[in-house]
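Starting off with a structure, shown below.
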C-alpha cells in the first residue's frame, strides 16, 4: 500500500512523510485515495486522488436510449438511488416539456424522502464507525433495512431501484403503505434517538467533531458546496425550498442550518433532516390520499423517446446536495451528451482546504462527514 | 425584466454575446473564448445579475452534430482518397468541434444561466476560472481529462479520473465506448 | 507436599486459568458486541459459538506465515513475543483468592506474594510497549510505525498517572503487596461503607481505571490500532499466529488489569458487610473466595467490552492532553489529599 | 509398493485435517473490498439484519495479511486493477476470493473503456455471486459455499500429485 516510500523533505520544520491512504483503506469508503504529507500526526497537505471507480457512465449514456439510462443512474449514488433516478427523469421530462401528474410527483416525493433518510442513516452510521463508535451504525442499519423492504416491495429491488419512468412512475403505492410507514416511523425515530444518546452529547464525540474541518460560508460557496455540507456552514439553501420541484412548495418543513461548518454541524444537520423528511412523507402521504384512486400516474409519453434537439439542466436536492443532470439531445433516440453534476464531487475537491492543518484522525472524520460516494464522484 | 434582456444588457455593449438560445426555460449564452474571464466577472459583479455560484463546468464534443447527416458510406476501394479530401474540406468549414459549458447560478434570485464557449480542435486552450471560482478546479481537470481541453492558468492541470499516462481522451465522440485496449499494459505486463 | 510442587501447580494453574479467561474473553467480546448491537454474533462454532476462539486459533496457527521482504526480520519476529510474554507473566503477583488449607498446609491463592508487587506489575506492564514499538518498527510499514509511535507515547504518558494512582493506594495501606492490601479491605469503613479501596480512593480509582484502559489500548484509547485511521496500526503487517499473539496478549492484559483493579479497589475476595470466611471451612472458603474474586474480575472484563461498543475513539492530541493536563495533575492532587488526610488522622 | 497402498491419510492425519478444516471454515475473516454498490449490500450483510458474524466472519480485516476471504464487492476499474492485484498478492494462504456482483464477475452493465471485465482476469476467483447487486442472503450463501469448499480441502494430505500442483 505504500507506493511512495521515499520521504519528501519539507520546507518547514523538517522531514515530512508521505502517507498513502487508500484506495483500499477502511475509512476510504471503497475507492477514495488521499495522499497525505504528514509531519508526525499532523497533515501538511492532503491531496485526494479520484477515478478509482470511474466506470464511464457518461460515455455509456450516449450509447443507451433514454429509458435504458435510468438503471445506470441507480449506480451513481448507491446509498440512495431514487433521487438519482428522479433527477435524470426530471431532466428528460424538462427536455421534452412533459407535465408529470401530481400523484406521480407525490409518490416520487415519498420515495425520495425515504431514500434521504436511508442515505443519512448510512452517512451518520459510517461517521460513527470511522470515529470508533460502532454501535450506532448497527442501530441505524436495522431501520435502513426496513426502508429497503419498502423499496423492495414497491419496485422489486433493495438498492438499485430503477424507480419511476420518464413522465411519471410506473406503479402506484401499494395499499398497505400506510401500515408499513406507521410501523417504520417510530422505529426510525427511535434509532435516531439512540444514536443521539450515544453520540451527540458524548464528550468524546464532541471533542472529535466540534471545530474539526470548519469551513466558512464564503469558502463553501466559492468551492461549490451544496446540500448538508453547505447548510452546515450556515447558508440556508435547499433546492426543495429555493427552486421547488415535485410539489415541494406545498409541504411545511424546515431547513436546518449549522454555524461553523464543522463535522459536528454536518452531523446535526443530517440528523435534523431525517426528522424533517419524516414530516414531509407524512404530509405527502396525506395529499396522496386525497387524490382519486384512478388519477393518472404517467404523462403521455411516446414509446420511443426522442426529445427535440436541445440541452437542458435540471437539478434536485439529493441527500448529498444539488444533483443535476445536463442532457443534450440531437433529436435521436439516444442522448447526445449526459453530464452528471454530482454533489460530492464539488465538495470533495475542497478536501485539501478542509483538512489543512488537522490531524490524520480528523482527515477520517472529515471525509466521512462529507459523505463522499465514489459512485457518483467518479461516475 | 427577464433574464435574457438583462444578460444582453450586461454583455451586449462590449460585444461579448455570440449567440443566445433558450431551451425549455434554460437560457444559454455563447461568448467568445478569449474573453471568458471578463464575461464571468461581469456576470458575477453586475448588480442585476449576480451569478455568484459556479455549478458546473464540462465539455461537449460536437463531432457528430457537425457531421452532415446521413452521409452515404462509400465502400469502394478507390473512393478513399477522395473521401479524405472531402473530409478535410468539410473540416475547414465546420464550426469548432468542442464546447465548454459553464453552469452559473444566482443564489439570490435562483436563476440559472448556461455560458458556452466554443473550442476549435487546433486551439484547445481556454482561460481557467480557478481565479474566480475554486469550484472549477476538478471540473476543468475532468474536461481536460475527457476531451483534452486545456485550461490556461489552472494550478494543477493533470488527469483526474483516468490514470496519468492514459493515451486518449475517452469522452470524445471518435473514441469507442469499449476503449482501445488500454487495459493491456496495466493488467498483463505486470 | 513440597513447596516447590505447590508453586509449580499454582503457576501452571493460574497460567491455564488466565489463558482460559482470555480465550473466553474473545468470545465474550464478540457475543457481547452482538448483544449490544442487536445481532446474534458468532454462534456456529460449537454451542453458542463458544468454540469460536478455538477456531480462530486453529486457523491462525495453520495460516501461511509471511515475513514482508522489507521488514527487519529480527524485530518483526521478536515483537509479538515481547508483547505477549509480559502479559502472561504479569498476573503472578495478583491474587485470585484468599487461601486454602490442604493437608494442614496453608496455601495462599496467589502465585507469589512479592512484597513489591506493585512495582513488579508496573515494570512488567511497561515491557509490553516494546513489543508494540518493535513490531510496528520492524514491519517497515508507515501505518505500523504510526501505530507503534502512538502506542509508545500513550503508554509512556499513562504510566505516570497509573503509577501515581497506585502511590496513593500505597499511602493508604502502607504496603506494596497486593495480598496485604486485599486483606486490609475487610470490614467496614466509616461504619457503613465496605472497607474497599474505592471508598478510600474514589478519585484514585477513576484515575487508575482510565489509565488502565489506555495502557491496555482499549476503546476509547485504541489509537495504536485505530482501524479507520491507520488500518490495524502496529500489527498491520502481521498475519498468522503472530497476529494471534498480539490479539491474545491484549486479552491477557485485560485479565491482569481487571484482577489488579479488584484487588486494589474492590475488596478482592471480600463481600460487603459479611465475612463468609468466618462461617465456611478452610477448603470451601478457599473455593468461595476464588469465585467471588473471579466474579468481580468478570464484571470488569465485561465493562471493557461494554465501553468498547459504546464510546467513540479519542484523537491523538486529546489522549495526550487528557494524560498530561488532566490525569497527572489530578493524580498529584490525589496524592496530596491522601497524604494530608493521613497526616491529619494518624 | 508402499505408495500404492497409501491412499488414505490414516487416522491421525485425517482427524488433524478435519480439525484444521473446521478451524478454517468457522473463522473466515473477510477483507471487505467494497468498491461500489455491492459494498453497501455487503455492509448490510455484516450488520444486524443478516449478520455474517454468525459464521465467524467477523472482524473485517482491512489489512490483507490478516484476512482469509477477499470479498470483492463492486466494480474494479482499470485504474484500480493493479491495486486490487496487489491486495490479493499480499494475502496469506489459504485465501479465498468471493466475487460479489455482476461488475466483479463480468463487468456488468459497465462495458466501457475504464472497467475491468471481470476480476477473474486478474485473480483466481473461488465463488461467484451473480446479481446487481446481490442480496445479502446471496453473500451468506457464498459463505456457506466457502464452508463446503473448505470441508473438502486437504490441508495436509495430497492424494494426487496434481493436487500438489493445482492446490485445493
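As written, the chain order gives the labels A, B, C and D, with residue 1 at the start of each chain.
Keep in mind that, in the parts below, contacts are C-beta pairs under 8 Å (C-beta built on N, C-alpha and C of every residue); 3 or more make two chains touch, one makes a residue touch a chain.
Bear in mind that the values here come from a model prediction, so they are computed numbers and not experimental data.
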item: Result of counting contacting C-beta pairs for B-D and C-D, higher pair; value: C-D
item: Where subunit C and subunit D are represented by their mean Cα positions, the distance between them in whole Å; value: 36
item: Centre-to-centre distance between subunit C and subunit B (centres being mean Cα positions), rounded to whole Å; value: 65
item: Whole-Å gap separating subunit B and subunit D, where each centre is the average of the chain's CA atoms; value: 45
item: Whole-Å gap between the CA centroids of subunit A and subunit B; value: 27
item: Per-residue multi-chain contacts in subunit C, two or more chains; value: 33, 37-39, 227, 231
item: Where subunit D touches two or more other chains at once, by residue number; value: 47-48, 62, 79, 111-114
item: Residues of subunit A touching at least two other chains; value: 1, 25-26, 51, 54, 56, 59-60, 138-139, 142, 378
item: Graph class of chain-chain contacts, one of line, ring, star, complete, other; value: other
item: Pairwise chain contacts, counting only pairs that touch as defined; value: A-B, A-C, A-D, B-D, C-D
item: In the complex, subunit C residues that touch subunit D; value: 30, 33-34, 37-45, 49, 51-52, 54-59, 61-66, 227, 231-232, 235-240, 243
item: Complex contacts: residues of subunit D adjacent to subunit A; value: 33-37, 39-41, 43-44, 47-49, 60, 62, 74-75, 77, 79-80, 83-84, 86-87, 109-115, 132-133, 135
item: Subunit A-touching residues of subunit C, taken from the complex the two chains share; value: 33, 36-39, 141-143, 146, 149-150, 219-220, 222-223, 226-231, 309-318
item: Touch list for subunit A against partner subunit D, complex; value: 1, 23-26, 30-31, 51-57, 59-60, 71-72, 74-75, 78-79, 122, 137-139, 141-142, 144-145, 148, 158-160, 374-375, 378
item: Complex contact set, residues of subunit B against subunit D; value: 161-163, 170, 175-180, 182-183, 186-187, 190
